[in-house]
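One chain, chain A, appears in both complexes that follow, with chain B as partner in the first and chain C in the second.
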Partner chain A sequence: MSSGWRDPLAAVERAYLLDRSTSLLRHDVRNKLASIRNMAFYLSKRVGKSALASEDARIELFLRQIDTEVTAADDLFEHFSTFSRTLHVRIKEPVSTGAAIAVAVDSARASTVGVAIAIDAEEATIQIDASEYALAIRCVFENALEAVHLEGTVEIVGRVTPNGYRIEVHDSGQGIAQPDEAFREFFTTKAGHIGLGLNIARNIAKRYGGQLQIATRDEGALVVLQVSP
Partner chain B sequence: MRPEPRIIAARLAVLLVDDDEAYRFSLAVLLEDEIGVEVDVASTYDEATQKLEEAGNKYALVLLDQMLGSHPGQTLVPLVRERAPAARIMVVSGAEPSRAVEEAVDGVVLKTLAIPRLLEAISRQLEVRESATIALQNPTPGGPTR
Partner chain C sequence: MVNRPSGTHATAGPGSSAFRVLVVDDDPKVLSSLVAILGDDFDVQSTDSAKRALTLIEIAIADANPFHVVCSDWQMPGMDGLEFFREISQQVDWPSVSCILMTAHPEELVDKVEWGDRKTLGFVRKPFAPEQFVARVRHYASIAEMKRGIRALHVAARNVR
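And then the complex of A and B:
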């Protein structure tokens, strides 16, 4: 839908993608490093008592060095992940819900050709990081646009709730067959996608005391983004 | 020098739930060799559920990976409490867990910890479990009876 050169949410989205991918990579690499340490410890215990170790002092030295190097590699990862978390500075400020929805819809990158879009959003002002909130809405909106495959309807309904604001995005697509899987990072059924959109939206909702819920209706899907900042 | 992890006298059983094969295998070997426990392993949420439902009561300790595929490891906590009420639950994690996770389990240990300290932390959980069992078997004289 965006016709301009600049994507107003590009920076916050990049920061999120880097943070999530670093975090997942750190988890996987950490498991590998921890396995190496476990095995080095085992070998050190076994070989350390053998004749081989007394014949060649470098064996024990190298086994100890494996542990030291693994610890150093883990520290490097930790520093990098700390850095990636600081790329987006959050500013909680009064944000118009209507403006956030407008930014999200205007900057969406999925095609709207053949899609009837209806917006019925109650106006409110909430304390939240404007870019993060608009990004969360855009992720849900893009997911709906992609679900209708250039033919159908997407309806956005926004309402004030006792403790925040709720946005419901209805689409007339096929529905979400595996709602649990939709939140699995890097899981997608769509070619050319990386499968992080709804996950990003859920993380942002949780950051602001809310949640993201998915339901399949008789026709299409319903995704509800609730924030309670 | 840090003391060696104590070999637990009785052969207690531990359920180790972790989706990383190499980590699961290497930690199981260390637990068996260094602490002397019997280790059952599960690599998925479903496999862990099955083991707990079949023989939850045998476990003195359940070690849960914090990120277990699409399920956070702590989602198994209610089932462990139900099927293995006497078992201690410890999260073995690659990253600092949230406060909610810390409060839901009996202990947390980071995978980045030096191995002797990691084994020591796990031994301590087993010792707590053993003390609780002994106290139950030998209630204080004059204490409440059922």
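And then the complex of A and C:
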């Protein structure tokens, strides 16, 4: 649906992608570093006082250096993680739900040709980061557009709830076969996708006290984005 | 009778103390390295899943030889480390045990975890300094032992009355 050059949500999306990728990497890398450090400690205890170690001073030196190098690698990674987390500065401000939906729909990158889009959104003002909220809506909307394969309907319904705002996106596609898998990072059944869209939407919903729910209906899928900022 | 689950290991190092430690991590290399660094100082058992760990804890209690400390990774498939510890904390009849959550999460996430239960909970961030970790496990084991002693005194005092 996007017609211009500039994607208004590109910066926040890039920041999110970098943050999520770094977060996953951080977990895996730190596990590896933990094993290396523990093993070096064990070897140091076992070999450090042996005859072999007294014959060759480098053994003790290298075992010590493994530990310091692991610490240095972890520090480097921590600095990078901190940097990636600060790329997007969140500003909670009064945001029109109608405007957020409009930005999300207008900037969607999936084709809308042949798709009937219906929007029925109650107007409200909520305290939230405008870019993050619009990105979450766009992720859900793009997921729906891709599900209908250029033929079908996507309906967006927005309603005020006692503690926030709920957006329901209903598409007439095949439905989501593995709802649990849909949230797994880097899991996708679509060619050319990296599998982070619904995950990003869920993380944003959680950040604002809400949740993202997926249900398969008789016809298509229903994704509910609730925020309670 | 509780059967010992598969995928679990027991290690008692040459200088292992009376303190019993259970280590839980789904990463086999992390798990074996933890067993190695704790094995000299504690009676260590290990497993790769929280569900199996709960069974091991039940077996240990049934054998009147409960664990003093349970160290668990946070992110694991199935039941994660925090759910596992919540499960432990709800067992009010179990002997006191100290729980140490090992995590690669950034500190701000750790700070958000609410833990209002009676069991002792500590965090360590991977990769931790092994020597300090061993000292911390010993400290937490002492706390569990002390709590058990206090509990036994309370029971004895009630019986006297």
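Just so we're on the same page, the second predicted complex is superposed on the first by the 229 of 229 C-alpha atoms of A that agree within 3 Å, B and C clash if a C-alpha of one lies under 4 Å from a C-alpha of the other, contacts with A are read in each partner's own complex, and residues count from 1 in each chain.
The definition used in the following text is that a contact is a pair of C-beta atoms (placed from the backbone, for glycine too) under 8 Å apart; a residue touches a chain by one contact, two chains touch by 3 or more.
These numbers come from a predicted model, not from an experiment.
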| item | value |
| --- | --- |
| Fit or clash - chain C, chain B, common chain A | clash |
| Touching partner for A:Arg26 - first (chain B), second (chain C), both, neither | both |
| Touched partner set for A:Arg109, first chain B, second chain C, both or neither | neither |
| Partner chain(s) touched by A:Asp74 [first = chain B, second = chain C, both, neither] | both |
| Chain A residues contacted in one complex by chain B, in the other by chain C | 26-27, 30-35, 37-39, 41-42, 45, 71, 74 |
| Chain B to chain A touching residues, read off their complex | 18, 20, 22-23, 25-27, 29-30, 33-34, 67, 70, 94-95, 111-112, 114-115 |
| In the complex with chain A, residue positions of chain C that touch it | 27, 29-30, 33-34, 36-37, 40, 75, 102, 104-106, 125-131 |
| Chain A to chain B touching residues, read off their complex | 23, 26-28, 30-35, 37-39, 41-42, 45, 67, 71, 74, 180-181, 183-184, 187 |
| Residue numbers on chain A that touch chain C, as the complex places them | 26-27, 30-39, 41-42, 45, 70-71, 74, 81, 85 |
